[in-house]
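Two complexes, one shared chain (subunit A), two partners (subunit B, subunit C).
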Partner chain A sequence: MDLASLGGNLLGTIPLGDIVLYLTPFHLFMFVVVLIFTVLIAMSRTETQVEASFKTLNDNKVSVGLEEFKIRRFLAIVCGLATAGAMITGDLFNFTLFATLIGIVNLGIVSAVKQIDVLDAAYNYGLIAMICSLPLFGGAAIILASTGTLSLFEIAKIATTAPMMTFGALLLLIGIAGETGTAPFFATKAEMFRTPGSPFILIIHLSSLMVIIRAIEIILIIIKVI
Partner chain B sequence: MLVPDFVPAITASFFIPAIYAAIIVAFIGLMGIAIERRDIHILILTDIVGLAMLIIVAAVGTDLAEALILPGLVVELAEILAISEILISREMRRIESKNGDNNVKTSVFPLPLTLDMEVMTTAPNFIALVMLGFGAFLTGFTGGAVAGGGILLYILSRKSRGLPIAIIDGVSGISGIAWCLWIIGFVLFFLAPEFWLLSLFMAACGLVLKVASKIGLIGTLMREEYKRE
Partner chain C sequence: MKGIGNLWNKLASPKRIPKLFSVALGLLLVIGFLIPMDLNVNQLYPRPIPQQQVEEGLAVAPYDRGGEVLKVPGITKAQYPENSKSIGWINSYMSPQALFVKSISPYFGTSIYSSPGGLIDEILYYTRGFDTILESSILMMSFTIASWLALNFTINRRKENFK
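Let's turn to the complex of A and B:
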C-alpha cells in the first residue's frame, strides 16, 4: 500500500542525508500518545501491593524501595522514549534498533522484581529476545539486499514485491514479536500486571502494543499485496 | 541488477550460500538449546544463534550492512551480559533462600580468584604505557579497546603486587562526556558535511576516550572481588 492510504496525507519529509523521515498524521498521533503515556508514568509512584495473610487478620504489604523505584522509573522512561522513536522513524534500520532497545529495557524492567520466579521468567524472556534478534536483523538485512535501501520512503516507491522482500518482511514480524515478548513467545508477560511496582510494568505492554501496530504498517509498506 | 558492475561475479554469488550457512548455524544452535538442560549452557548456545544473525547481515556486504553489524554485535553483547546478570542474581537468591538465613550474603565469585602470571610482575607498567600510546595513535573503537586493555593490565598488576590503587570516581563521567562528543560529531556529519574533518576527529577522539574509560571501569570494578581469599 502507499504511504497516504496507510497513514493519511503526507505532511512533509525531513531529509538527513540518506535517512529521510516522513511525517503523517498516523505517526504524529502515535508519537504524541506514547510521549503522553511516558510523562504520566514518569510522574507516577509505585503502588504498594497488599497481600492478605492466611489464618490471621494481618496484611502483608509488598512495597518497592527508593533505589529500586528510581532504577525502574529510569528504565520505564527509556522504554517510553524508545517506543516514541520507533513510532516516528522513517528508517527500517532505526526501527529494528528501537525494537531491540525496547527488548533490552523490558528485560531490565521485568528483572528488577527480585523474586526467584520472576527472575526465571526474565531469563527465559532474555533468551527469546536474543534468539529473535536473528530474524529481526536478518529480515532487515534481507530487505536491504533485495531493495538496496533501508529508507521506508524509498521502499514505498518500489512498484513490485520480490519474493525475498516478502520473506524478509515475515522474518521482521517474527523478530518484532519475539523482541517485544508478545503471546507465542512470552506468555508470562500477561501475568506481569500485578507484581509490586505496577505502573512501570505497564510500559512494557504499551510498548509492545504500539510497536506491533507500527510493524504491521511497515510490513504493508514493504509487501504490496493490497 | 542492484549489484554494481565493478563487483566481481564470484563475490555477488556468495550471498545465497552465506544465507544458507547462517540458517544451518542457527538450526544447529537451536537444536543444542532444545537438547541442553543446564541454564548456563543454554545461554552460551544462544550466542551461536546471535552469530548466525551476524552472518546474515555480513552476507549483504555493503556499507549500510556494515552499519547494521556493529549495533547487532553490541545488542548481542548487551543482552548476553544482562541475561548472565539475571542468572547470577537468580542463583544467588536461590542459594540464600536455601540457606534460610537472610543475613548470609552470597558472593558473585564463590571461589578465591588469584592471578599469578609472570606478566603481572615483570614489566606491566611499560606494556600498559605502550598499549595506551598505541591506542591513542589508533583512535576510534579499536584504539579505545587497546588503551582500555592497558588500563586494565595496569590496575590488575598493581593489585596483584599488593600496591595501593588510586581510585578515580569520575571515570564514568569522562565516559559519558566523551560519548556526547561522539554524538555531536556524528550529528555534525549530517548537518554540515563541509566540516567532515572536524566531525571525524570529534567522533574518533570521543570514542577512544569512551571505550578506554569503559574498559578501565571494568578494571576498577574488578578490584572489589579480585584477590579475595
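Let's turn to the complex of A and C:
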C-alpha cells in the first residue's frame, strides 16, 4: 500500500541525511501518545504490592527502593523515547535499531528485581532478544539487497514485490514478534510484569503494542498485497 | 479441546519460549533457501568489482574511493543528495602519514590501519549519522544496565538487607 492510504496525507519530513523521519496524522498521533505516556510515567511513583502472609495476619509489603526506582525511571524514559522514535522513523534499519533499543531497555527495567520467577522470565526474554537481532537486521539487509534502498519512501515507490522482499519482511515480522512478545511468544514478557513498580513495567507493554502496529504498517509498505 | 488447553499451558512457561522461537525462526530460515536469490545491482552504497582496483594498480587498491584530499570529493552516493551537501569530503580524506605511506608502498590499501575510513565513515558519520547515534545508545544502555547490576548486586552487598 502507499504511504497516504496507510497513514494519511504526508504533513512533512525531518531530514537527517539519508534518514528521513516522516510525519503523517497516524504517525504523529502515535508519537504524541507515546510521549504523553512517557511523561506520565516519568512523573509517577511506583506502586507497593501487598502480599498476605501465610499463617499470620501480617501483610508483607513489596516496594521499590530509591536506587532501583531511579534506574527504572531512567530506563523507562529511554524506552518511551525509543518507542516514540520508532513511531516516526522513515528508515527500515533505523526502525530495527529502535526495536533493539526497546528490547534491551525492557530487559533492564526488570533486571533489578529480586524475584526469581521474574528474573527467570527476563533471562528467557533476553535470550529471545539476542536471537532476534538475526531476523531483524538480516531482514533489513535482505530488503536492502533486493531493493537497493532502506528508505521507506523509496520502497513504497517500488511497484512489484520480489520474493526476496517478502522473505525479508517475514524475517522482520518474526524478529518483531519475538522482540515484542506477541502471540505464541508471550510468556516471557507476561511473566516479567509480575513485579512491583507498576508504571515502569507498563512502558514494556506499551512499547510492544506501539511497535507491533508500526511494524505491520512497515510490512504493508514492503509487501504490496493490497 | 483438552489438547488446546495443554498447548496453551505449555506456551505459558517462559522456559519453552526461546526454544519455540528458535525453532520457528529456523523453519523460516530453511524456507528461505527456497526463495530465489535476487540482488538489485543499482545499490545505494556500491562497491567496485573485486580485484578491479588491484588490476588498475591504484595505490590504495581495494579502498580507493576517488577524489583528491581536500580538493575533490570522493565517490559516495546518497539516497537524498539534497540533504547531504558536502558529501564525499570525508571519503576522499587521508592524513599526511597515510599520504606518505601511500606514496612509498603499493600495498597500503591491503592493511587494516590504512583504510582511510572512507565510505564507512562517510555513511556512519554523515549520511546515516542517526543510525550511529542509535547504535551507540544501545551499547550505552547495555553498559548502564550491566554496571548498575554490578554496582548494586555484586559490590555493594553490605547495604543489602539479608534475611
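By our rule, the second predicted complex is superposed on the first by the 217 of 226 C-alpha atoms of A that agree within 3 Å, B and C clash if a C-alpha of one lies under 4 Å from a C-alpha of the other, contacts with A are read in each partner's own complex, and residues count from 1 in each chain.
To be clear about the criterion, contacts are C-beta pairs under 8 Å (C-beta built on N, C-alpha and C of every residue); 3 or more make two chains touch, one makes a residue touch a chain.
Because the structure is predicted, anything quoted here is derived from the model rather than measured.
Contact with both subunit B and subunit C is seen for A:104 once the two complexes are overlaid on the shared chain.
By the touch criterion defined above, A:141 reaches subunit B but does not reach subunit C.
Contact with neither subunit B nor subunit C is seen for A:50 once the two complexes are overlaid on the shared chain.
By the touch criterion defined above, A:78 lies against subunit C but remains apart from subunit B after alignment on the C-alpha atoms of chain A.
In the superposed pair of complexes, A:119 makes contact with subunit B only, with no contact to subunit C. In the superposition on chain A, contact is made by A:133 with subunit B only, not with subunit C. Residue contacts after overlaying the shared chain place A:209 against neither subunit B nor subunit C.
Which of subunit B and subunit C touches more residues of subunit A: that partner is C. According to the touch criterion, the shared surface of subunit A, contacted by subunit B in one complex and subunit C in the other, consists of residues 16-17, 19, 93, 97, 100, 104, 107-108, 111, 120, 127, 131, 134, 144-148, 150. Only residues 11-18, 20-22, 24-25, 28, 31-32, 35-44, 78-80, 83-84, 126-131, 134-135, 137-138, 141-142, 144-145, 148-149, 152-153 of subunit C touch subunit A when the two sit together in their complex. Taken together, the subunit A residues at the contact with subunit C in this complex read 15-20, 67-68, 71, 74-75, 78, 85, 91, 93-94, 97-98, 100-101, 104-105, 107-108, 111-112, 120-121, 124-125, 127-128, 131, 134-135, 144-151, 154, 162-167, 170-171, 174, 178, 184-188, 190-191.
Remark: subunit B residues 2, 15, 19, 22, 26, 30, 33, 39, 42-43, 46-47, 49-50, 52-53, 56-57, 59-60, 62, 64-65, 67-68, 71-72, 75-76, 78-80, 82-83, 85-87, 89-90, 93-94, 97, 189-190 touch subunit A in the complex.
Per the touch definition, subunit A reaches subunit B in the complex via residues 16-17, 19, 93, 97, 100, 103-104, 107-108, 111, 114, 116, 119-120, 122-123, 126-127, 129-131, 133-134, 136-138, 140-142, 144-148, 150.
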